[in-house]
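Okay, so chain A shows up in both of these, paired with chain B first and chain C after.
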Partner chain A sequence: MKQNRILSPSTIAAWAFALLWALPLLYALWAAFHPAAYATRFEVTAPLTLDNFKHAFVAAPFPRYFLNTVMLVTGIMLSQFVICTLAAFGLARWKFHGADVLFALILIQLMVTPDVLILENYRTLQHLDLIDTLTGVGIPYVASAFGIFLLRQAFKTIPKELDDAARMEGASTLQTIWRVYLPLAKPIYVAYGLVSVSYHWNNFLWPLIVTNSVETRPLTVGLQTFASVDQGIDWSVICAAALMTSAPLMIAFLVFQRAFIQSFVRAGIR
Partner chain B sequence: MKVLARIATATAVALTLGVSAASATEITFYYPIAVGGPITKIVDGYAEAFHKKHPDITVKPVYTGSYQDSVVKAMTAAKAGNAPDVAVLLSTDMFTLIDNELVEPIDKLATSDADKAWLKAFYPAFMENSQAQGHTWGIPFQRSTIVQYWNKDAFKAAGLDPDKAPATWDEMVSFGKKLIKKDASGNVTQWGIEIPSSGFPYWLFQALTTQNGAILANQDGTKVAYNDPKVVEAAQFFADLSIKDGVMPKGIIDWGTTPKDFFEGKTAVMWTTTGNLTNVRKNAKFAFGVGPMPKKVRGGSPTGGGNLYIFKSKDKAKQAAALEFARFLTTPELAADWGIATGYIATRPDAWETPAMKKYAAEFPPALVARDQLKDAVAELSTHDNQRVTKALNDALQAVLTGAKPAKAALDQAQAEATRLLTSYQN
Partner chain C sequence: MNIHIQGWLLALPAVVLLATFTHIPAIKTVIDSFFSTPHGTRPARFIGLTQYHSLVADPIFWRAFTNNLLYALITVPLAIAFALAMALWVNGKISGRAGLRLAFFTPTILPMVAAANIWLFFYTQDYGLLNQIGRAFGFASVNWLGDPTTALPSLMAVTIWKEAGFFMIFYLAALQQVPPDLYEAARMENAGRWQVFRRITWPMVMPTTLFVGINALINAFRVVDQVIAMTGGGPDNATTLLLFYIYQVAFTFWDLGYAAALSTVLLTGLAAVALAQFFLLDRKVHYR
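And then the complex of A and B:
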């Protein structure tokens, strides 16, 4: 007990960094709940208000944008899981001609930023008749090189004996993946899912370019309504809108915090 | 959701069969959001009003983010063969759009006598950024100039005449020195002036160069004069305001928060777009004035803002519909309405004669300042390969303002870079 009371330098440093990281969020909380006049004046007695949230909420069809974003991120994540699992399994367990070259090609994709491919991707989608659809927003990200890489490495560490044992029991390839590989790589899935969801929740430029209507646009595009550069920026409303749109993600993280951190730790030990 | 696909198919069918699709034309309209307020609702309202007047044409407005995002989206879509029919993009994007062969010269579409009169109806200062190579490429839509806003209460407190803004460069400095306020520990609590320098410092800087009698680029957009001695002098003055005279905060001043500083009394004078008028009117808790730019050898400001462009299309019916819509958006009544709703300058003289505008101007005379300044306005800096040529100047300015480089050296370097970029267009 006593030892816990003494703050070690690393604890102090951790708190300092945590505070630094939390500052933008703390500021957003302050600005969102106070009238605009107090956005940069910090007085304890400043009146509290919910007006900023009201303004933000009516400025754009946020409920629809929420729905779109949720459908988008879950759709992308599930498709990524399926495709990356199958690809990673093939690359990790099957010996075929050119496997290494194929894997190298997939890795190269990691080094190409998605932004340079905007025009080509748009053209492809145009041919597929997928412009202005949620599928169109998600499809370029489905075959994720990062996911394939991560899962391949994880599958490689799973003892071959477990695989063989499953086969002896008469399990097919898909059953083996489902009953042996998936459970053992669970921490990797959680970690990768987290990265995927937060990336696509925040993605802006591609969805903006490929969508045209309220029915397909995600939250980030809706948020852009507030960036009125010609008129100066109303921080209070922006902060309210930003809190509103990031809240589900933050709440989810707080709720599942323990699970997330444990899975990262386990993924690291392996 | 599949509307675009349907149009595409309909167009393809119409083209192959040689049938005119005029009976039910649908056009897409891209527009950026650069001012606050319920802009999307206003634009949707315009589209509906247009449809009521022209039942055979449906306009689908698509808001496309900032000006930067809008041009990326429009060009991506156009290059993939899915161009918008009409779009509001920066007037300075003109050369980029021409060089990529994406937009149609409007004078080729607007050929009737009424059309020709329409093209002549706008303020000449706005047309400078809309014409090149003997053609008209853009129709002025949401246009602005830079004006100065000053805090009358702060002027009174400093012993200055509250009804007079700084009228010369010398007064900018001398007023500024009187307006500076410091607290007990020597920190400045009120600055004399703020001229924003983040993002696109070249635009505000162009006001200074104009006042000093320099023109930054030629009409064809093939040459720039970044290291003209008058430009160097203007850059030096810009930097001196903070570094030598100490009337302006040091370093880069953020564009987006400058109005906020003004409302909170952190600065007594600010330079920003006339598009901010409605915002200032709503949020300033003190008496404020709006004035034209100060003078050095002359007054003046660059114009700014967005034009309507009509994109190339094989479908003549859609182009005709696009032209009709552009004409509709720029009628005197709508130009007035848009100006009142946003603070942009109504783009044609007869818009100021409409009853709605007359009433607005009588209630709020500062609305007239930007319009009256148009006679001194010059074209906003715009060249071929505009993004990179302008960036050279932006980088130089920020280096000068932060004291990283002397004005002459920085601008010489910017000039060399711009000349290199523009060589291929000079023939």
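And then the complex of A and C:
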């Protein structure tokens, strides 16, 4: 039985399948780290190079795009934390008038997501004078039904005695949230933060519509602008740029694999 | 302060933002779909169902609709099947599990635009990787994204590649919940592998399949990134999907009234799925 395990047909099938699945990325790595002449010639002796990355950096303002994306995802995440925490606390702890109706209305956003409302939201941003700003890119996502739902569930599992105790010591509502609920729900914040950051790092349609200058464009839109300018840019450089835009998330994922996977599961199973 | 006021005060920022960017725009979309598109000094005027009449008569809408339906009907079951196979492999005592999991899950982390640009090269005519491999086996070169018959399946492949690994993790979590004594009992009865899968594994992961299936279905109707990055809807609208068509009508043709009618159709579809999920599925079947 034991020997069977190593080379059983199922194992071989699994590995063949995994190789097939990894092929696009392995190929992109090959193209990005070799001169253009070797983009489709696979020779072991092909020289390694970083020139493709250098080209991409010179040809388009990627450092600026990186900065925009980092500001965007941290801004969205922090605002989501604040706004969703407040709403979730009220909904989890107090039976105030209309709380159930309010919660149902909030959940509608799980279906009617901002990407289906691009047209009206664009017009709203025009009225608010937020077109081509990072605030405009982020603001429709800040009050997230998903975040409120997730945190409300987490808060409900926290024993009420703890916040009664905090109140006895004279803590206000906000202090109670800060001292009792935040620390106890930390794993949920980590999970939600990871999901939020990877979602907005990869988000494309809405930022494409809202931004039209280098100062606001996030990486995804920058990459697309770069790749669609058809001026003899070669595939090796595009592969390098594509990998570069995903590199921070990829590296974070490789380092914190377990946390990532657990977070996605925790956030998905409700 | 009494809890009724305090509760609403805490929820206030979320309420204002949700109303501004979800509820009011959703209602306005429906209302706008009964009005004409304003041009210059001519304001929008009420035209009843005219937008919907043109929608029914619009061949591109029907193309986008059928394309999208096909997209959902093909990518959702395939991604689920692959995801389950991956999870079964990774969950078993296979050598090199970590490597397998990495290969399966990594595409999920990649932005769709980045994945699309990498796959674009795969599909390139003449010197693209896929055609090079094909030629080595004696097949003729195919213009994957330029041919109306292969363009949509080519996009589907990218979606499946990116989504299967994501769904895998939900199956992994579910498989770990299956009580080991069920498998133990099956082993005592000398049940075959297929029987074990059909009688134990499949029913036990059913809630996950429903959960993943519904989410995948909703996502399939919001696919747009790879269309913009890879084909722009072409050739001859062979890859135009609903959200892409809305984007095009709204932001390329600026036909706001018609875009509102198209959005209303999409919103209704998503709402129908949501209601189906709510009423048809017993929400308690999901874990915990």
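Keep this in mind: the second predicted complex is superposed on the first by the 212 of 270 C-alpha atoms of A that agree within 3 Å, B and C clash if a C-alpha of one lies under 4 Å from a C-alpha of the other, contacts with A are read in each partner's own complex, and residues count from 1 in each chain.
FYI, a contact is a pair of C-beta atoms (placed from the backbone, for glycine too) under 8 Å apart; a residue touches a chain by one contact, two chains touch by 3 or more.
Since we're looking at a predicted model, the values are computed, not measured.
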item	value
First (chain B), second (chain C), both or neither touched by A:139	second
First, second, both or neither for A:126, with chain B first and chain C second	first
Touched partner set for A:67, first chain B, second chain C, both or neither	neither
Chain B versus chain C as contact partner of A:235, first or second or both or neither	both
Contacts of A:59 with chain B and chain C, given as first, second, both or neither	first
Which superposed partner A:118 touches (first chain B, second chain C, both, neither)	both
Touched partner set for A:40, first chain B, second chain C, both or neither	both
Contacts of A:208 with chain B and chain C, given as first, second, both or neither	both
Of chain C and chain B, partner touching more chain A residues	C
Partner chain(s) touched by A:225 [first = chain B, second = chain C, both, neither]	first
Shared chain A surface residues [contacts with chain B and with chain C]	40, 118-119, 122, 205, 208-209, 224, 227-228, 235
Partner chain C, residues of chain A touching it in the complex	5-6, 10-11, 14-15, 17-19, 21-22, 24-25, 27-28, 31, 40, 82-84, 86-87, 89-91, 94-99, 102, 105-106, 108-122, 124, 139-140, 142-143, 145, 148, 173, 198, 201-202, 204-205, 208-209, 219-220, 223-224, 227-228, 235, 238-239, 241-243, 245-246, 249-250, 253-254, 257, 260-261, 264-265, 268-270
For the chain A and chain B complex, residues of the former touching the latter	36-37, 39-41, 59-60, 118-119, 122-123, 126, 129, 131-133, 205, 208-209, 212-213, 215-216, 221, 224-235
Touching residues on chain B, where the partner in the complex is chain A	1-5, 28, 33-40, 60, 62-67, 69, 72-73, 76-77, 79-82, 144, 199, 255-260, 263-264, 272-273, 275-276, 278-279, 283, 285, 305, 343
Chain A contact footprint on chain C (complex, rising order)	3-8, 10-11, 13-18, 20-26, 28-29, 32, 85-86, 89, 93-96, 99-107, 109-115, 117-122, 124, 127, 129, 132, 161, 165-166, 169-170, 172-173, 211, 215, 218, 222, 224-225, 228-229, 243, 246-247, 250-251, 256, 259-260, 263, 266-267, 270-271, 273-274, 286-288
